[in-house]
């Protein structure tokens, strides 16, 4: 579903991604973790071209992301959830969800509204459809952001540290939504520090350090028997 | 246009001096400097009045600031032109009128700049001063104002540029500044109004561009990291 | 102070009509100049977002010229300068409306446009990058994102500075009296020289200016509050 082939990226002189080669299969739930500066956020942002790469290829669903005709078309099939939610403050919650389907002519206004309401119910925010984002808590906003990303019926969902900006008591409500998405078979790539989530839901864990994927393993194996020293250090730092 | 400049540069620079009052560019800059220097203490007083807890200081200061901000400068100048002789008992020249009007007008604008500079300081500064036993006035003078004034230097320098532009209104009351000089040249030549006034515009443009450059240099030197986001 | 107050003297000889006419002229100037300023300012701001080097340079020069030269000089340049080199057929049209009115309105509109474009530009730049990223991630094009996400927010943010510009524009119309246009200040001066009741007529003119200024300030504050939302998430 997603394939990285010899992907390298520089910020000026700084090598952010170092010759990454990896695959994500359809329906797979992948967690990417690592110390800060490891390149995990950069990696996920290259998938929908929020960040450009200088070398290599990224193939999503058979299409080279950097050679495709319309990046906008490509992006509408990939859902992206930001750490800072990035909801549109000048629109209501429901309008946030309806805007893209209607504007991109995927749905009529009526259908977009129905579909939007259904999604909001699914993330537990149906009762806040006509409220403005700034009136919501962080956890509520992030759930709306997930619903907004789902509105275009994407084939892949990308999560860039979705709970890092939330107060601890709100982290769970967001993780619950993500778990239910995984249970429904969505292909998901999650950059996160939430190791319990990884343990319960992920199929694979990629551990990154200094722009490389250092270790790849199923969660149980990664957490209990990390192979590399850097992974071991990372996990022991996490526990303290 | 170049000929007009080479023929009349002296008039544009210093007006009819020495055969008349100093005018032209020199007068423009001089008017601006003098007015702003007078406006400065006025601005501080009005600013203090605006933040005062005592109604007797707050209301007059607020009234002055709102009236000045609501009136066009030209109307304000006419008021001063009318009022000043009555106040002093003697007739008053256009230059004095101009300086008085600009000093008051700019004083009100400076007051708002200084006021926001004071209010931008952390409350802890005043609290620290008072807990050391300094009176309100003393704390203002020794701790608050020096910091506020320093922080607002770039804004105040921008007001100087505004003042330079405002001196052009002297033209209406026959003050011998740059615009008046250009109008005199136009009256002499009569056939080249576009060139004359284009030259006038370019002169102000150059002058203010240089002044803006100076302001930017000062800002850099002060290391102003004050990022003001749009409200 | 020897001065006898006599507001009654203002009521005779068609003076009220003169004041009213002046007020109307002022308001008309304000309206037309504002339209010019706002439309042109918006166009300039959006053009600058395209990031074409040459275009940015031209706009920057336009803005610098109109901001650094005094308003009065712009009016003089247009009325005396441009007015003199206008082709005849345009001059005829202009003179029908009134050269003083047309040229001073154009001058004031162009200068205010420069400030409006800068205010809009800084409003657009103050919107967090995440908004554009979120919009593009949904598959919206750059233009669609601008139209639906960035610009609506930018306009709301720029209401306070734009209110200020409107106020300044309104006050700047008084400068047209320097070329003989009988707007509010000009009307005041006419009546002053006719009646010598300087204090009375100045008071009337001042009250009118202050009333409208305050009205503009209130409308601006009201609009700002109505569209306001806290942009920082909790």
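Letters are used for the chains, namely A, B and C, taken in the order the chains are written, and counting of residues starts over at 1 for each.
Criterion: contacts are C-beta pairs under 8 Å (C-beta built on N, C-alpha and C of every residue); 3 or more make two chains touch, one makes a residue touch a chain.
Bear in mind the structure is a predicted one, so any value in this text is a computation, not a measurement.
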{"item": "Touch-based graph of the chains, sorted into line, ring, star, complete or other", "value": "line"}
{"item": "Chains linked by the largest number of contacting C-beta pairs", "value": "B-C"}
{"item": "Central chain (by mean CA position)", "value": "C"}
{"item": "Mean-CA-position distance for subunit C and subunit B (Å)", "value": "21"}
{"item": "Centre-of-Cα separation between subunit B and subunit A, whole angstrom", "value": "55"}
{"item": "Rounded Å distance between subunit A and subunit C, as computed from the means of their C-alpha atoms", "value": "47"}
{"item": "Contacting residues of subunit B [partner subunit C, same complex]", "value": "66-67, 69-75, 78-79, 82, 86, 161, 165-166, 168-169, 171-172, 179, 183, 186, 193-198, 200-201, 204-205, 207-209, 212, 229-231"}
{"item": "Touching residues on subunit C, where the partner in the complex is subunit A", "value": "128, 130-131, 133-141, 144, 148-149, 152-153, 156, 229-234"}
{"item": "Residues on subunit A engaged by subunit C in the complex (per definition of touch)", "value": "48, 50, 72-80, 82, 84-90, 99-100, 103-104, 132-134, 137-138, 141, 148-149, 152"}
{"item": "Touching residues (chain side subunit C, partner subunit B) in the complex", "value": "1, 3, 64-65, 68-74, 76-77, 80-85, 119, 122-123, 126, 157-158, 160-161, 167, 171-175, 177-178, 185, 188-189, 198-199, 202, 205-206, 209-210, 213-214"}
